[in-house]
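All chains are identified by letter, namely A, B, C and D, in their written order; residue positions are counted from 1 within each chain.
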Amino acid sequence: MIVVMKPHAQKEQIDRVCDTIRSRGLDCHVSIGSHTTIIGVIGDKTKLIDVQFAALSGVRELIPVSEPYKLVGRTGHPENTVIDIGDAQIGANELMIAAGPCAVEDYETMHETAHKLRAQNIKFLRGGAYKPRTSPYSFQGLEEEGLKILAKVAEETGMKVVTEAIDDDSIARVAYYADIVQIGARNMQNFHLLRKAGQCGKPVILKRGLSSTVEEWLNAAEYIMSSGNANVILCERGIRTFETATRNTLDISAVPVLKAKTHLPVIIDPSHAAGARAYIESLSMCAIAAGADGLIIEVHPRPDTAKSDAAQTISIDCFAELCKKISELSKIMHRTMPGDDNK
Amino acid sequence: MIVVMKPHAQKEQIDRVCDTIRSRGLDCHVSIGSHTTIIGVIGDKTKLIDVQFAALSGVRELIPVSEPYKLVGRTGHPENTVIDIGDAQIGANELMIAAGPCAVEDYETMHETAHKLRAQNIKFLRGGAYKPRTSPYSFQGLEEEGLKILAKVAEETGMKVVTEAIDDDSIARVAYYADIVQIGARNMQNFHLLRKAGQCGKPVILKRGLSSTVEEWLNAAEYIMSSGNANVILCERGIRTFETATRNTLDISAVPVLKAKTHLPVIIDPSHAAGARAYIESLSMCAIAAGADGLIIEVHPRPDTAKSDAAQTISIDCFAELCKKISELSKIMHRTMPGDDNK
Amino acid sequence: MIVVMKPHAQKEQIDRVCDTIRSRGLDCHVSIGSHTTIIGVIGDKTKLIDVQFAALSGVRELIPVSEPYKLVGRTGHPENTVIDIGDAQIGANELMIAAGPCAVEDYETMHETAHKLRAQNIKFLRGGAYKPRTSPYSFQGLEEEGLKILAKVAEETGMKVVTEAIDDDSIARVAYYADIVQIGARNMQNFHLLRKAGQCGKPVILKRGLSSTVEEWLNAAEYIMSSGNANVILCERGIRTFETATRNTLDISAVPVLKAKTHLPVIIDPSHAAGARAYIESLSMCAIAAGADGLIIEVHPRPDTAKSDAAQTISIDCFAELCKKISELSKIMHRTMPGDDNK
Amino acid sequence: MIVVMKPHAQKEQIDRVCDTIRSRGLDCHVSIGSHTTIIGVIGDKTKLIDVQFAALSGVRELIPVSEPYKLVGRTGHPENTVIDIGDAQIGANELMIAAGPCAVEDYETMHETAHKLRAQNIKFLRGGAYKPRTSPYSFQGLEEEGLKILAKVAEETGMKVVTEAIDDDSIARVAYYADIVQIGARNMQNFHLLRKAGQCGKPVILKRGLSSTVEEWLNAAEYIMSSGNANVILCERGIRTFETATRNTLDISAVPVLKAKTHLPVIIDPSHAAGARAYIESLSMCAIAAGADGLIIEVHPRPDTAKSDAAQTISIDCFAELCKKISELSKIMHRTMPGDDNK
């Protein structure tokens, strides 16, 4: 960490900063410029985490030079994390493809969807049982009934279930019925829920908050890891910007940025980013070409009548077409699509 | 609600939209333009809340013309809401001024702060016991111990306590010890917590999410009101933009916008917006001049050593100076500062 | 266009809107809802372009239903535009790849760069002679001297030159010496310059403004086209958001959005989007996979000592590696890389 | 300036950075931390302005510690700049209030407006003769004819004229006919035009770009000052964010931020920020309370029929009411309204 003093800061101000650093058992290195003095801190900066240097008189700014996330960062863990779930792996060579409707609507639709996806070798089934909705008057999901439907079709098909948890009650139930617990964008900084996710015993997909920086996102993942769960998957789903041509703005650069900063798997949700069917193929292809480890896509047998997110949900036929293209692309990226090795 | 069809939409597509509307017991009015047809929906739109018109073929976009928030909106409730808390009112003529440290640190500091604020006729004491922090390794607050300290100094001084709740456990305790429950920016769309806030039995300050639109904020307030709590105060604390000269960008226009759309009281938190002491006075003055009903400000007897948010915390003397200026300004705005009527 | 009246607007207010519409020779269709009246305008809306409906009393909002850009829009011109420049085409099957240093530094460097790029079959050479810089004290480019260097190496190699014009004087000179005139992000709404670009007689690359919406961008292209130049290429180079992990946020979704809305070619500048070498490969690959027609990339024989944008400039070897990967990817996208047909 | 090396950077990398610094005649101070080395630069940093340190291997980031704007910054010029224009001053005790229609429409309207404003002691008349418009098909202003109308009513009333210039041709004419040259938001980084503004011989209002940071804005002002014009007025008019409840988001914090960083006068344009009449009063009051030196407001005798920006233009009566409130407020702020000293 570096403390930059204001131009012409006085000696007493500089001394006070140094004393504060030394009082915590660290050392400091003072560099006096022609009109600016900078103070480098030497030693374990975690001892200073609650010192408010910026408030000390004469201080201009604080510059952190090491990341605050120890478990999530690639520095201390250079190899990619690979998460094993039964016969599937996330973060390894094979792409993780999850598909299914936005919301679990009823057993019949879920059954039909799952069997058709399974026939395409898709291993992960998505579907929301607990729906965080902007308005209290919108459909809020089937809740535990929805989880039971997911568990039943998962048993029938051998698929793994990904579904969102939104609070204490739902996270316990999701962890019981599903294979992967999803933490949604609106809860990315619900630190209580992140700690519960750290204790839930199942892998967690952590979606990026609408206006969260990559740094905040990694810190949120650190909450989960530091609570005991190493199996975290990061999911970019679009950020909020001034542009309204798409529902959100897919921050595709986050893929290489995350790959540089963390060892955790990174997947993309093109459906929430685009908000429109017409753009799903393009965003899915670019996600894989950018180096993502997988996709989570909204698919429904009859998308026009889907109970939520219909405008961004694609049909099963359209999804099958997309998978063919991704399969071709995966070869160039030295990845495989599920089912490719069987051919 | 208006459904705008794509240019040259076919008759069957238009009929399908109309049939969908009529099947829910509403009527529609079709207006055929030279190349665009629009369909106005007549009747109670809440019956259509889960129809995904945008997904129907031939539909270009949906334009809502009435607000989804019924309880929060000014349309159905033209008079300003005034919230009574003992001898204080929020949303009435007297400005609500809340002050205190970012975090409750210990009894002595809180005691000193409260007595000094009370001597200035300040009625509301702020201080965080549960702190949502970006990093899991930062100070997370004294929790229930902090609430007990707040309650003790409140009893000594007759002040009302405002403090944040972050989850099921804390909201029950905050509602027990404090006078006003604060829902922080990061939890603005934690819908589970909003429902709990609706049932907590105490007035609620709902801070705006970092990247929440005014519409989303009002919908969040609707969650609280529709869960049974009419005493909601909206607090603007800065939004996230590209500008980094301040910690957040204070959206001062939100004050007149909210005053037009809702009957709920609106206050400003200049401390989190600015992120720097030097700007607190300017932002506080502009808040009152824009028509806000109050302020919540970080104040500490020794701000340089405050345990969190030190850079944006002002001293008690500085706060006293500010109150004098606000008192002058309040007269022009036909408002009063607490204590002014005693003079 | 649709005029939405405020709830319970009065008959006189509605009549006034209708009279205004009819006074311009158009017709209107009034649709009276249970509490909202909407008025559809029938006929040629361009006659209303300067009527300020939103200011008429009783009007809630105006909803445009057709695009304001007639020449740029795909509606009136369904086929993709293909621009011919000597032996190269932009917007056709072959990808347009432009490469070269941020700024023209001297003849030797440009000569070396061009010959090495040409050996890789690259057809377009980039390099700035006029540099718009945030600070007046930064290097502003070699100006006409730079253009002469570009023209000389272009003649030696047969490459086509792409370079930026920033004002009346420079656009005349750029159009004289170069093959493609670039309008930079900061000048995207410099309407005077856009009109000059429309009269310059050479194809134009129009970069997206840092905070311009896709709609504004297409309107800017409409300025160029309506001034007489049909050869416009749109270049996405990242937008300004709250995220600082990259220099800008590449809005990759703009590719499919533009492909739906306009017939003009779309290319990507990964260098300015990323701001860092390490991310260029990932962003280039994702651009082609998303459906872009080409790339413009900063390349320098000794990037560490490049005079500007060094941090985001890649070496010629690194660029050659990237081209190999793009070549593989182009096959899947049913495109070709320059030189592929020779093999 | 501080160069922060990557963790565990090698000695040769550190030496190379130091050699580069010393080769320009500066000195450096190396501070070796437990895993990070930082290098402070001692001496005149302008000698390094074109060195691309971030591109040198082993460098993590560059931290500027002094501002790049020498003429604009308050450091070298602690007193506020006061601009004299005849009997008016900008940046002194009296608030600068400019009012008038968005566009000059005809002599009669301008004459009526100017006389009514003058009767309220308003000294500055605004009105656009050259209009930068998003669509090429919108009204583009009366151009020189408009300037002549402005000059005529100015002569009749003794008012000073503020009007926008958009290119080489218009800036010469505006400087000839008007008293203050306005550079609009879209041209804030049109560096060619900024240099012309620096040579135009009249004071310049520099509006903030829609997505420009305060730093970029000050650098743009530095272009004008370094071209020979010390009379620059900064005008905040709202920035682009995700919020759509107002046309732009007024960044009111920019007022105290600018007052800390620069000696130049700062005014606010509430009309373009709000985009709606209903919010003009609130935003005007907050601007003055925040410490702004003045306002520029869109006023029209019949705002409903104004040719542009009608929705945000207020009537002359409404403006008169607003001026009374601002007059009261100005006393608290130790400022005066024009005409107040006559009473």
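We take it that contacts are C-beta pairs under 8 Å (C-beta built on N, C-alpha and C of every residue); 3 or more make two chains touch, one makes a residue touch a chain.
What you see is a predicted model; the values in this text were computed from it and never measured.
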| item | value |
| --- | --- |
| Selected pair, out of A-B, B-C or C-D, that shares over half of its residue contact pairs with A-D | B-C |
| Farthest-lying chain, centroid of Cα atoms versus that of chain B | C |
| Length of the line joining the C-alpha centres of chain B and chain C, rounded to whole Å | 40 |
| Computed distance of Cα centres, chain D from chain C, in Å | 27 |
| Inter-chain centre distance, chain B versus chain D - centres from mean C-alpha coordinates, in Å | 31 |
| Chain A: positions in contact with at least two other chains | 211, 240-242, 244 |
| Chain B - residues contacting chain A, complex | 46, 49-50, 52, 54-57, 68-69, 132-139, 166-168, 186-187, 189-193, 210-211, 216, 219, 222-223, 226-227, 240, 303-311, 313 |
| Contact set on chain C toward chain A in their complex | 211, 213-215, 239, 241-246, 249-257, 259-260, 273-274, 278-279, 281-283, 285-291, 325, 328-329, 332 |
| Partner chain B, residues of chain C touching it in the complex | 2, 4, 7, 29, 31-36, 38, 40-44, 60, 63, 65-66, 75, 211, 240-242, 244 |
